[in-house]
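Common to both upcoming complexes is chain A, partnered first by chain B, then by chain C.
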Partner chain A sequence: MSTTTTSDSRPSREKAPAGEKVADWADGRLGIYSLAKSNMRKIFPDHWSFMLGEICLYSFIIIILTGVYLTLFFHPSMNEVTYHGSYVPLQGQLMSEAFNSTMHISFEVRGGLLVRQIHHWAALIFLAGMFVHMMRVFFTGAFRKPREVNWLFGFLLFVLGMFTGFTGYSLPDDLLSGTGVRFMEGAVLSVPVVGTYLAFFLFGGQFPGGDFVARFYSVHILLLPGIMLGLVVGHLILVFYHKHTQFAGPGKTNNNVVGMPLLPVYMAKAGGFFFLVFGVIAAIAAIASINPIWSMGPYRPDMVSTGAQPDWYMGFSEGLIRVMPGWEINLWGHTLVLGVFIPLVIFPLVLVAIAVYPFIESWVTGDKREHHILDRPRNVPTRTAFGAAWISWYFVLLVGGGNDIWATHFHLSINSITWFVRIGFFVVPVIVFVITKRVCLGLQRRDKDKVLHGRESGIIKRLPHGEFIEVHEPLSQEALHTLTAHEQYQPAEIGATVDENGVERKVKGSERLRSKLSEGFYGEDSQIPKPTVEEYKEITSGHGHH
Partner chain B sequence: MKKLSARRRHPLAAVVVLLLALAATGGLYAAFAPASKAQADTTAQSLAIDEGKKLFSVGCASCHGTGGQGSSDGPSLVGVGAAAVDFQVGTGRMPAQQPGAQIARKKVIYSQAEIDQLAAYIASLGAGPTIPTKSQVSPEGADIAKGGELFRTNCAQCHNFTGKGGALTHGKFAPSLEGVDPKHIYEAMQTGPQNMPSFPDTTLSEKNKKDIIAYLNAVNGDDTESPGGLELGGLGPVSEGLFGWIFGLGALVAVAVWVAARTAKAKKS
Partner chain C sequence: MSSQDIPEENLPAEQVDEHGHGAVALADETNPFADPGLPPHEHRIQDIDERAAKRSERVVAMLFTLSMLATVGFIASYVAIPRDKSIFVFPLGHISALNFALGMTLGVALFAIGAGAVHWARTLMSDVEIADQRHPIEAEPEVKAKVLADFKEGAKESALGRRKLIRNTMFGALALFPLSGVMLLRDLGPLPGTKLRHTLWSKGKLLVNMNTNEPLRASDVAVGSLTFAKPEGLEEHDEDFQLQIAKAALMIVRLQPENIKDKRELAWSHEGIVAYSKICTHVGCPISLYEQQTHHVLCPCHQSTFDLSDGARVIFGPAGHALPQLRIGVNEQGYLEALGDFEEPVGPAFWERG
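== the complex of A and B ==
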């Protein structure tokens, strides 16, 4: 590095500058020179969608910072107290200390309400950011080797984020969150055989008891964020280790990364972006109210309000339970509440469906190579269609979770919406899958057309014999490269079933399945063969019309 | 006296005595009978009933029957009381525009005087709850916090925490209580219109109703402040989630696009 060279050229008697001394001191103990050398010039490619993960990281940091402030004033206790604060419509009401202290934070603590709202808005945005970030990774195929583990880290962060959010939302012990906790207790109770024991274990006895706020509190501020912090660090280390992916383009290969170095460009950009994220979230928290517990009042198990929904990231579980018919089986004096238990089983499956897809895809392709160049979603129609179908599935469930709001705001019958969701749960993903695949193939055809015939110039020419033609302009070399850089898999065949000696070999079921899937993924109906050099030459050699 | 006794036998004497006796009883009656004002009121009341009956036969009888006895298109109005009429007609729900899952609020068609006449007519069909007085519905002297507790126990299931409304089955709904005249809230509790259960004074006392009205006035009235900023409809996490996605994440993505576009890029060839 330049600092070391200057020190060499200086007479050794002369005192080194203070900064260099500090750096030397640290290097002797931490080895920062080699760390810095290998990482300071780390290259990151530029694309706005690569900054979605940063949004998540920064909102996570904001959540931790504001969360620490909130712990200074929050009392995680369910002891009953009488409210004597400044909010008139609750004065004299009995409530838990948790609710009372949240009221105190909201009305008496300086900046308390703003910090509470930043904390809550940042949580919603954190989860939304993770969702979008995950979808970016999914649709561009950034989860392929060597990044499968990091995909799982990210997925785990999303799931843990959901539960951290849920436990946090339950802490104020208000009427809305209390209803949510009751819902969760009901789900636990529906588990056959052990449900009752589990629920009693969680709540230290009958619901609501006097324990759950304190328990949720340690889970919310210690256990889950601790694990998440570890996963975030691991996630980032792996990003550094794998280097960032990039979109195809001239000069970009599987073996290089084209972009700007970490120092100084990315440090400045990322640092600035942190403050932009903080600013946007703080502005939103200052503008819009979130979780106004004073309107909801303290939780009492004998009360409930309409419009009782969880925060959006838990909304799909609400949808599952709202649209499930209330089936139950009574056997030998025991009740199996299928109306609650089935949604409880489907709940993790919805999430797992998207999490396992990368592994299914890698099994189908059998591709063991590393991939650092991203796919354009249209070039991988089956994956794109699957992702779109999954999102539509998730969205249908969200509609189910908010069915009452849909009913009142669109003047619909809640029963019709419920039936739409029940049917749509099975039908909508299929329709979306088919449509998305068609759209992808259409876009592939258009790309092919553009490569072979050029861009439509909008200039209409009249030929001497009266025919009108549109002049097409050939694409630049860069554009041609970008449009044809992707590789296309061929469907995996089941190899010869008879060897050279005429002995039939057993074909395993899994092999057949794989071949079938491969045909579905990469067969004739699933991708448009990209233009070859020969085709291009033939058309551009002057025999064509345009 | 001689003169008088001399005419005692006069043929008209009996008539004079009769006139005097009549005048005396009439005078006594006039002196001791209930005030003449009451008499005038009775006349006005019967006049109102008459007028109300006319209005009823024009605007209501096609569904509720010519005598308010009900038909296949509308329920009987015997015993629903003046409060029910004042609520239904005073909020524009009646006369109904069209049958459906629920008759919605709309522009009020009758003047208050006409509504009173209709109410008088319906009240004359059978005893029922009366229109509350001003002091019964005024939030003054009420316990707001108690009202909140009562509201969350009895009303929030359908009307939401602060009366923003909510959905019921098959297209029915609990309407928003924003901007509803306290008198109508009182009458609704008293009479239980459409899908709402009724809360007579034996269930929710007069004081309780006053408390609930005062609570709604405090949390969903014209002067209610929202300490946290925009209320987003007061509907809870659904509207918050939508806002977070569109304006929260949306703004951040826009910022990301802006930052990514502003880089020390090498010049494109």
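== the complex of A and C ==
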């Protein structure tokens, strides 16, 4: 600000610059100055993993922008028409208007194919971004109080994103997506008692009927994105309200947030990142074809192509349905289609398993405090092991969903892949849990070693009597603090079951379970006690050196 | 540029003094693990050398200019490149020139804006870390007490707790009215009835070859080939074609009669020609892969495998029961014909299937 004018004590309104006048006008009606006071210079900590959520937000915005454009040309109708467009191989074929208009977007509308491909690629990246973002939040414990509600918002966004994606790629009514819709109909039919009715109501009669494209359309462009938009806004408001988490480090405490201000640094970085994400997706859409519906052709219930695969985020449900043995029970004139219904039930359970974990952990720890300092995954071995086990579970199912692709690409027997997934569904998560926990404990030991004995300097020293030793350099206080900043819970004790008068107290089953879990989470086998100041002093004072 | 070029007065030595603390200075004698506080700010080259800052400024401006050029390129491509032109781009192969040009120019235009903004933020905007205080999310006890008191006051004034008749009838009304919404969903579709039990097949309907649209003669079906058929009278242009073919699609295979293991299958076949539903009994994909050596058919969606020489029973995969067989014969003209509808529902199983 210039010091030669009296801008600070400007008395009259007409001297104010135009921007300030506009701001004054808005402030008098919207109160923007109070809003900006706490938010304009809001501090955001810096870490590469914090941009994963941004990828999701930006790809969501890109999906909405491109999606609106696509609705200008897409006809959500299943009326059969004859193709007369410019793609010669399909000329004269019967197809639904939905497929026909998607062909029109791809071949006649200039840039239409690009927008379609940006839309689809952005959707894949959106889901992948949410998956990785969710894992970041999980493994660093960012879901702890006060952020449990935002964890659920994020989880709901992930689930709704899956279904928005599914209804979206079903819209063109091409041979591949129609097969996916047929699969969904078969799954709905398997529901005991009401399945047939549900399927008839969903499709307006027998499959495929003439309604599902129009119905999926309103779900895809209005219902689900409307809910998601609300959740995204709520998610962001809560991120602002709670202030961002940060990793432990010098000067960083549970009571502050250290970083750079929204204006100008994060305005430029985050705003710029939107353009980076959009630019990369546009370039991908320019060079990588996605969902080329013209090579699949319009849907016919009696035709199919080999290697039919859903979009990646639906792959784990595909895996469930592929590897499940075909159990059917026929009793009293009714059929219980367990071979399809069990996967249909496990599908949400796989997702819920990860969603409820934060609440189980907070119950086990009984910790009611706010947590703003992130955990390093190694310092919470049980949580990290559970998360890794869940991911392995998810990926085993993904392998099952692509068992034909695995078989043809790696020249394996499809039967053995299926059996691998059937057994791996139960075994792999357990193995991954055990291994991850051991790795975490190993890393904790190494941290402890580093704190107490210093960093390996790479310098070899020869002692007078001929022994070679490696010189260890003591860590800086910053590093010592960072490596010892984490808290360690002690397992919860049930406490005395007999009071001072000798009267036995009843111990509830839930209390026993909690104590057991707490022992598993934080007992001797589940964490390495972090180095204490006494240990450090004893070793560094000289006589205790190894 | 080496650091020797930086003017003396800008070198960071004095800057450290300005902050007045380093990690070592604050080290705690009693607790070596104590938080030493924020480390002193480390200067970037741009903070102390205006020439470096100028270079950054030029890079940012260049990126923004690149974006402008790319947008001009986008508009030029949109106007100039014909929709059907294809070009060879290594290693992508032959691709649409318009899509490639529009996507790449748009991508560059957007990416350059982003790269410019990020470079600007990283090199020219202040990178001094600032600490903000957090405040507990929970309200102060006085606030909580005030809110609870207000709520009690409001609840009391509504008299909802006292006038139970109002409360109960209100809950009743609010609980009932969503039923109207549920009722409105009734006409989403017709009731299933026995629709899933019947197909277009009936006694005397000819088997029409799906590819040639001609009725099939027994002699048309060769050993080892897989033929797809539809019922006579069903045409692609029919309004309910999709719906009917979803149930009536048929696959026809000729086996050596002595290879047929299942007795009923043999009885329902004609000279070793067997007709089975093409719709998988798992979740309804059309089965389309036939292995003539083993007489196995495979659904490409979920790999259910059926043995056509043994009543089409499931030999692998997630399907729960055998494919329904259609009883066929030959009419006086030598054409293959159905001897009735399928005896059980085709396609995926459902609760009422039995």
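What we mean here is this: the second predicted complex is superposed on the first by the 531 of 546 C-alpha atoms of A that agree within 3 Å, B and C clash if a C-alpha of one lies under 4 Å from a C-alpha of the other, contacts with A are read in each partner's own complex, and residues count from 1 in each chain.
Rule of thumb we're sticking to: contacts are C-beta pairs under 8 Å (C-beta built on N, C-alpha and C of every residue); 3 or more make two chains touch, one makes a residue touch a chain.
Nothing here was measured: the structure is a model prediction, and the numbers come from that model.
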item: Which superposed partner A:175 touches (first chain B, second chain C, both, neither); value: first
item: Contacts of A:193 with chain B and chain C, given as first, second, both or neither; value: second
item: Touched partner set for A:278, first chain B, second chain C, both or neither; value: second
item: First (chain B), second (chain C), both or neither touched by A:414; value: both
item: Chain B versus chain C as contact partner of A:183, first or second or both or neither; value: second
item: Which superposed partner A:308 touches (first chain B, second chain C, both, neither); value: both
item: First (chain B), second (chain C), both or neither touched by A:256; value: second
item: Touching partner for A:242 - first (chain B), second (chain C), both, neither; value: second
item: Partner chain in contact with A:326 - chain B first, chain C second, else both or neither; value: second
item: Dominant toucher of chain A (residue count), chain B or chain C; value: C
item: Residues of chain A contacting chain B in one complex and chain C in the other; value: 107, 113, 117, 250, 260, 265, 269, 272-273, 276-277, 280-281, 285-287, 289, 300, 302-308, 403-404, 414-415, 478
item: Residues on chain A engaged by chain B in the complex (per definition of touch); value: 46-52, 54-55, 88-93, 106-107, 113, 117, 121, 124-125, 128-129, 132, 175-176, 250, 260, 265, 269, 272-273, 276-277, 280-281, 284-292, 294-297, 300, 302-312, 315, 401-405, 407-408, 411-415, 478
item: Residue ranges of chain C touching chain A (in the complex, touch as defined); value: 23-24, 26-28, 30-39, 78, 83-84, 89, 92, 95-96, 98-104, 106-118, 120-122, 125-134, 136-137, 185, 188-192, 195-196, 210, 228, 230, 236-237, 239, 241-243, 245-247, 249, 278-279, 282-286, 288-289, 300-304, 314, 316-321, 347-354
item: Residues on chain B engaged by chain A in the complex (per definition of touch); value: 101, 143-149, 152-153, 156-162, 164-171, 173-174, 215, 218-219, 226-232, 234-245, 247-249, 251-253, 255-257, 259-261, 263-265, 269
item: Complex contact set, residues of chain A against chain C; value: 42-43, 80, 86, 94, 107-108, 110-111, 113-114, 117-118, 146, 179, 182-183, 185-187, 189-197, 199-209, 211, 241-243, 250-261, 264-266, 268-269, 271-283, 285-287, 289, 299-308, 321-328, 330, 333-337, 339-340, 370, 372, 403-404, 414-415, 418, 451, 476-478, 480-481, 484-485, 533, 536-537, 540
